[in-house]
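Got a structure here, written out as structure tokens. Questions coming.
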Amino acid sequence: MRRIPYLVLALYALVGGLGPLLIEYDPVPTSLPDRLRPPGSDVSYGTAWLGTDALGRDVLAQVVYGARTSVIIGICTVALACLIGVAVGTAAGYFRGWLDTVLARGIDILLAFPAILLTIVIAGAFERSVLLVVTALSATAWISFARVTRGIALSLRERPWVDAARVLGVPRPAILVRHILPFTIGPVVALATLEFALVVLAEAGLSFLGIGLPNSAVSWGQTIANGKQYLETAWWISALPGIALSVLIVNIGILGDQLTARYGRGHLR
Amino acid sequence: MIRVIVKRLLVGVLVMWGAASLIFLIVRVAPGDPATILLGPDADPAQIAELTTRLGLDQPKLTQYVHFLADVARFDFGESYRLGRPAMSEVLTRLPATAELMLTSTAIAVVFGVTLGLLAGARPGRMVDRVVSASTIALQSFPTFWVGIMLILVFALWLGVLPSADAGTPAHLVLPAVTLALPFTATVARLTRTSVAETMREPYIQTARSKGLTEPQVLLGHALRNSLIPVVTIVGLHMGGLMGGAVIVENVFAWPGLGSLIVDAVAGRDYEVVQAATFLIAGIVMLFNLVADLLYSRLDPRIKLDTVS
Amino acid sequence: MSDMLELVGLVVDLPGPGGAVRVVDGVSFDIPPATTVGLIGESGSGKTMTANAIIGLLPDGATTGGALCWRGDDLLRVDRRRRRRVRGREIAMIFQDPLAALNPTQTIARQVGEILRRDGLDRDEVRRRVVDLLDRAGIPEPARRLNNYPHEFSGGMRQRAMIALALAGNPALLLADEPTTALDVTVQARILRLLRTIQESEGLAMLLVSHDLRVVAHVAHQVVVMYAGRVAERGPTATVLRRPAHPYTRALVDSVPAIRTRTALAHPLPGTPATPANRPAGCAFHPRCPLARERCRTEQPAVRSVAPDHWTACHFAEEIADRV
Amino acid sequence: MSETLLKVRDLRVSFGRRPGPPWRRATTREFVAVDGVSLDVGPDETVGLVGESGSGKTTVARAVVGLVRPDSGTVTVDGHRLGPVGQRPAALQRAVQMVFQDPRSSLNPRMTVAAIVGEAWRTHPVSAPAGDRTAALHRLLDDVGLDASVARQHAGELSGGQCQRVSIARALAVKPRLLVCDEAVSALDVSVQAQILRLLVDLRASHRLSMLFISHDLGVVHQIADRIAVMRSGVLVEQGPAGEVLVAPRHEYTQALVGAALELNTES
Amino acid sequence: GCTDASTGSGSGSGSGEITVAGTYPIESLDPHGPQGGGTGTQLAARELFSRLVRPKADGTLEGDLATAWKPDATATQWTFTLREGVKFSDGKAVTGADVAASFKRLIDNKGTNAANFPGYTMTATSDSEVVLKATKPDAAVPGKLATFYVVPASVATTDAAFFQKPVGSGPFTVEKFTPSQTLTLVPNKNYYAGAPKVTRVTIRKMPELAARLTALRTGEADVVWGIPDDQLGQMQSDSKLTVETVPSTAVFTMWFNSSTPALREAAVRRALWQAVDFQTIVKQLYPQTGGLADAPVSPITLGYVAQQPVTYDPNAAKAALTAAGFDFSKKLRLQFANAEFRQFNQAVVSDLAKIGVQVDLLEKEQAVFTKDLLALNWDINFQQLSNPTFDAANTLGRLYPCAAKRNGYCNPQLDQLLSAAGSSPDQAERVKLYGQASQIIWQDAVGMFPMAVKYAYAWNKRLEGFTPDPNGLPDFSTAQVRGS
């Protein structure tokens, strides 16, 4: 039971990694005569096992290639948010003082600020790219990391082993790296899984609002959003990547639960 | 108490100033300007320049910012270029619809989320817990717009039991509120579950049991209230996030609320409306957090708002 | 139907990462009415688990064996409802940390009176009884303190409130798990005195769990010494502490520093205490025992009587006195 | 060199805010935890500091090692005035070391014992052994009664007594002059407590250590201290040779304290 | 009728109310304001106000406020005779002064419509006659006036309060207006052609297509238009609905930026056009709502002259590009702004890719798109260009002269033709001249003109007398709910 999420993630990694080698897909060429074919149809370029979309492109290939984009966006966003959040959070929590005050107020501001607005403005106003989507999503995602690590650092700095290191005369950067940072890893990883799921969903939401990835990118969010007007007539376009997305998120969520149970207790708030 | 609330409100003003400045900066850094978008693709450069001057957007950004601050201090958010009306009054007319939507879905989320979380957290690791945990993750894994459209198709088109879009009657509220509430319910349920599970490990729960209480009596009489404390905070904090969901839900269900106003305003580079809306939302979120804190100190007598003990 | 609690070969198994761990292993002793039994032993020796088994609040997944005879029933075998009835009303418990053991969000009166309310008493009656209970527990001006919250009490008062809470169900047996560990010495002395007064005046039986020999020496009529989940020695307090019949008890007694005299600390007991999870074969104490021989490594000593009422689990108990 | 090693003069520490949960806002009311404490510790001397919970013992200790900044008063070692931690010259920084109460949390559970001691040596290369560090580490562990195999273990895997021994080893690694022990044995079982007390007594002699030994257990203090100081609500109420203070206390508070303490073999 | 039904409820059959589910927000009711040219405002304006003239579905003009109009010999001065007895909704008569003041207001507001009348003035010669003076001969004046609406003379240049509940002489008046959300109209009792039969029209913005169409099928909405082809089948199979398509003035227009070095040569642009199989694309994606275009303007526009079709020939295209030294390694930027055109553009990009022309498809937010469009910050631009005036002057004449700087193309000969076509008082002459201009535009491939657009309308069968409008601005005054 415990292993299932790992197995599923491994499967996704395999499909995302090897799939593109087996299935060829390029979002640019369209095949209009083959449009909106149900799963299993024979089309001009073979069999569309998961059907075709409104431009006659293979949905299976989009699911396989989309895995990569979605996962890359998820990972990049979470990594960026994590990096910023952990750096700011631990520093603020450990050093306290004005840094902490500024951060606390800054977080207040960003929390009071409708995050979607920031995302919409950033994503809508500049030229579309994966980088932009990552930036727009990270702009708000780092806050959770900062909050969590700040809390951990605040409590860790009172631990006797940190005091012991200070009494010993260990320099501050070394204290941060050796005695504080390692303890944020568990909760941060647990939070990262949660954020990953949110980010992948948020990318789909941006695509829905029409401010997501460029058209040349293949992502589940794009495919799902593209298929939204065919939910009744050609359900496979958004349902199948949707299922792929849900299964991934459910498994990451379960994994996150497991990690939270193991490391996160009491820290995730 | 009063003093603390006043202090919190003062800090709130600071935060709102920060939020307003942030949005001022962002919308103005974004490419595209109000004059161009107002006049549309048919305009010629002279007209655009003319309108830009008329809107006062040819001035240096810093001057504009100073004017903006001065206006905000007088609670004047200017006029929407697009709608030709005071921005704040426009935002305020849209507020009730969004408030209705958000409060309903918060209520749904809290009622169902807390119930589910309580059931799951009472006995972590058991069947109920597993089912609740798995299904709440599943609930969170569908994109909001997809859920919304599916609900429309199922309940409005195929079953024909509920209206599809539009607002006005309680029946109209059901689908959008449910769509918005689903992921939030999951969040609340999961949080309550963790919190209840943690509370159930507290020594005072053992004390309660040692009095010969039944498990439900222990759960409802001793664990529930203590577990709600973190839930209250998160519900307070989640208002911002709910706003994000509201933008999409309002779009799908043609709900005449603030979310769609904001999206349109951003698309139309309607600076005044975006600023007024941000300001208002920031204020509301602050207020919610204050209420959450007040509620907090009601739930937990150890926490006094005025910690000067 | 005697009011004496008898533990007969009590066994408690807890689920552990590497399979079940026997944290209480065949513990037998009894708690006669109007008697205080002290249960001592080092951390992890299974004291709390023994007390929890008696009141029936073991962690999830725990399994039990042996018997707990109480008023004609074996508490390990009665149905859930009977078990619950016993809790609070026949056997009550006082927990170690009075702040953690009181619900922070309910007033003292509500918590103390809860059991009375559940019994269907009306509000005024409950209130009257609560005031009385708090008064007996030594809280000054109890009527004024009714609506206070636990955090508004000092540590000693909290423990008094806990005692009132435990007495509310009018129990015949009181289990006290380290009731004074969290308190200051001066407060501790007062609470111990109170416990003894109450025990004597109400004729209660009491199990006092502690790792502090001094506390037990002051309050208990009899002591049970546990080591790694098993009983090492039991008997009347004075006898056990003055003439221990188990090398472990001997070492414990020697380790307690005197206050007014400077003792030598000459030969502290070597090694670390055994835990139930890695309990050595044979006599669990043998790796640290100065008397250990081959037999101790292989054969688990039975609990045997060395004097009337004085029992030990040592093959060579007779040699101990010689070595002192 | 002066008569006394550690000289604490008119130490006053106040806290702007009480420690509280993070959601509490800071309060401005000042709370005086230590109010005008003066205390000397001579070379090779052990001074016991006793008092009830909250009387300010830990605060004095933390002020001595520099973890709290006193409002006024001075802490001097060998006549050198000590600032807060991090602003002390390396030699003085390592001259005063501390052993904390909670054996488990005073060691970083993710570090091995070797790494913990290694960190001490890395921070103060002067005190690091010349030549083979592994051998030196084993010698040090042996000094505190630990097996060499413990070096590879993570702190999280050790028992309470072992942890406390490692803490002591870490402190000794930098060859301090003064060891501040804040309730260093309180959390341990009696049998282990006796072991550690024995160890401290032995080390004191072999390493020529001075000690400021804090405990609320009068019996424990009596076993190790030459002199005893009694604190109550931030003030030193009585000071004197150990036997005198505990057997014939003069201050009424000390009397109450000694009176309340239970002896094992006296019936009360 | 049903009078007190709340506006929010779905209209039950038998009530005289209709609900219109719109795609576009109505942000302002001021037809002279900056957004006067916007679709939403135009839609509202034609229900609320009257014009001097208005186009019929076939593009010819009929009188609205004006009963007759005639130019002077040079077409610089136009005289309009006003209809007798027309009243505003507040009961006041509509006079020449109102018309002239409205025109002045339009010019003063400097909206996009004002740009059609540079320096023009209008004077009321009497209560029933106005004269419009152009600065140069302008034959397209009546067509241009199709977007000129008359409001009372008392309305100031900016008067937000008035346009919250404006007074007009159109078929309807405003009951309630929530900008960019809903507009509720009730019949204007004083409408000169008789008050409309419907009792209430609610125009509600429903941005999500699925919601819009569901509302139509469940009867919550009565009229929807702009239905994509892929959804049209479902509507047609619904027995409760009437579905119709009408030819519109809109043409898919894909300008090349002729000022980009790569696209400077007509041969290159022509070759690119040749490389795209628009025939297939249109047939597949727009089987019912599109037709291959054969001129830069739609067939119902004045000035339409069919051109030689461009045949799909990728090989020839590739050869031509190679011959012209086209740099295949450089990417062309194709910009568009609306998700509904995504598929079409992707198909175009796909065809271009087949001959090795790489295109970056840039879907831009409207604000950015417009800015970039005017700044010529693109290589190929996609737009659906419609023409509310039904007169080629508004598209060809406005967008293709050198001075317009809209697509980097400059041809003095074309300028001359366009200017002549714009000023000639003779209609046949104008059509001929626009035909010649179209030929140059077509031959030089200033842009690709792949498709003439038809609008698909679907409405509830209980609605009678509803006529689809070629510009997507339907008129509800003629509609009637069956049985009410």
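Order of writing sets the labels: A, B, C, D and E. Residues in every chain begin at 1.
Here is the rule we use: a contact is a pair of C-beta atoms (placed from the backbone, for glycine too) under 8 Å apart; a residue touches a chain by one contact, two chains touch by 3 or more.
Chain labels with UniProt names: A, B = Peptide ABC transporter permease; C, D = Dipeptide/oligopeptide/nickel ABC transporter ATP-binding protein.
The structure presented is a predicted model; accordingly, all values stated were derived computationally and were not measured.
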item	value
Fewest hops from subunit A to subunit C - one hop per pair of touching chains	2
Chain whose average C-alpha position is farthest from subunit C's own	E
Euclidean distance of C-alpha centroids - subunit C vs subunit D, Å	32
Rounded Å distance between subunit B and subunit E, as computed from the means of their C-alpha atoms	39
Length of the line joining the C-alpha centres of subunit B and subunit D, rounded to whole Å	51
Distance between chain centroids, defined by C-alpha means - subunit C, subunit E (Å)	89
Per-residue multi-chain contacts in subunit D, two or more chains	none
Two or more partner chains touched - positions in subunit C	none
Where subunit A touches two or more other chains at once, by residue number	124-125, 228, 231-232
Partner subunit B, residues of subunit C touching it in the complex	55, 57, 60, 84-89, 92-93, 95-97, 100-106, 111, 114-115, 118, 149, 151, 162, 165-166, 168-169
Subunit A-touching residues of subunit B, taken from the complex the two chains share	11, 14-16, 18-19, 22-23, 26-27, 29-32, 133-134, 137-138, 140-146, 149-150, 153, 157, 194, 198, 230, 233-234, 237, 240-241, 243-244, 247-248, 251, 262-263, 266-267, 274, 277-278, 281-283, 285-286, 289
Subunit B-touching residues of subunit E, taken from the complex the two chains share	6-10, 21, 25, 27-28, 30, 33-35, 37-38, 110-112, 114-115, 158, 160, 163-164, 178-182, 204-208, 210-212, 214-215, 217-218, 220, 365-371, 373-374, 383, 398, 404
Residue ranges of subunit B touching subunit C (in the complex, touch as defined)	123, 125, 202-204, 206-214, 217, 221-222, 225-226, 299-302
Contacting residues of subunit D [partner subunit A, same complex]	22, 62, 65-67, 85-86, 88, 90, 93-94, 96-98, 100-102, 105-108, 110-111, 119-120, 123-124, 167, 170, 174
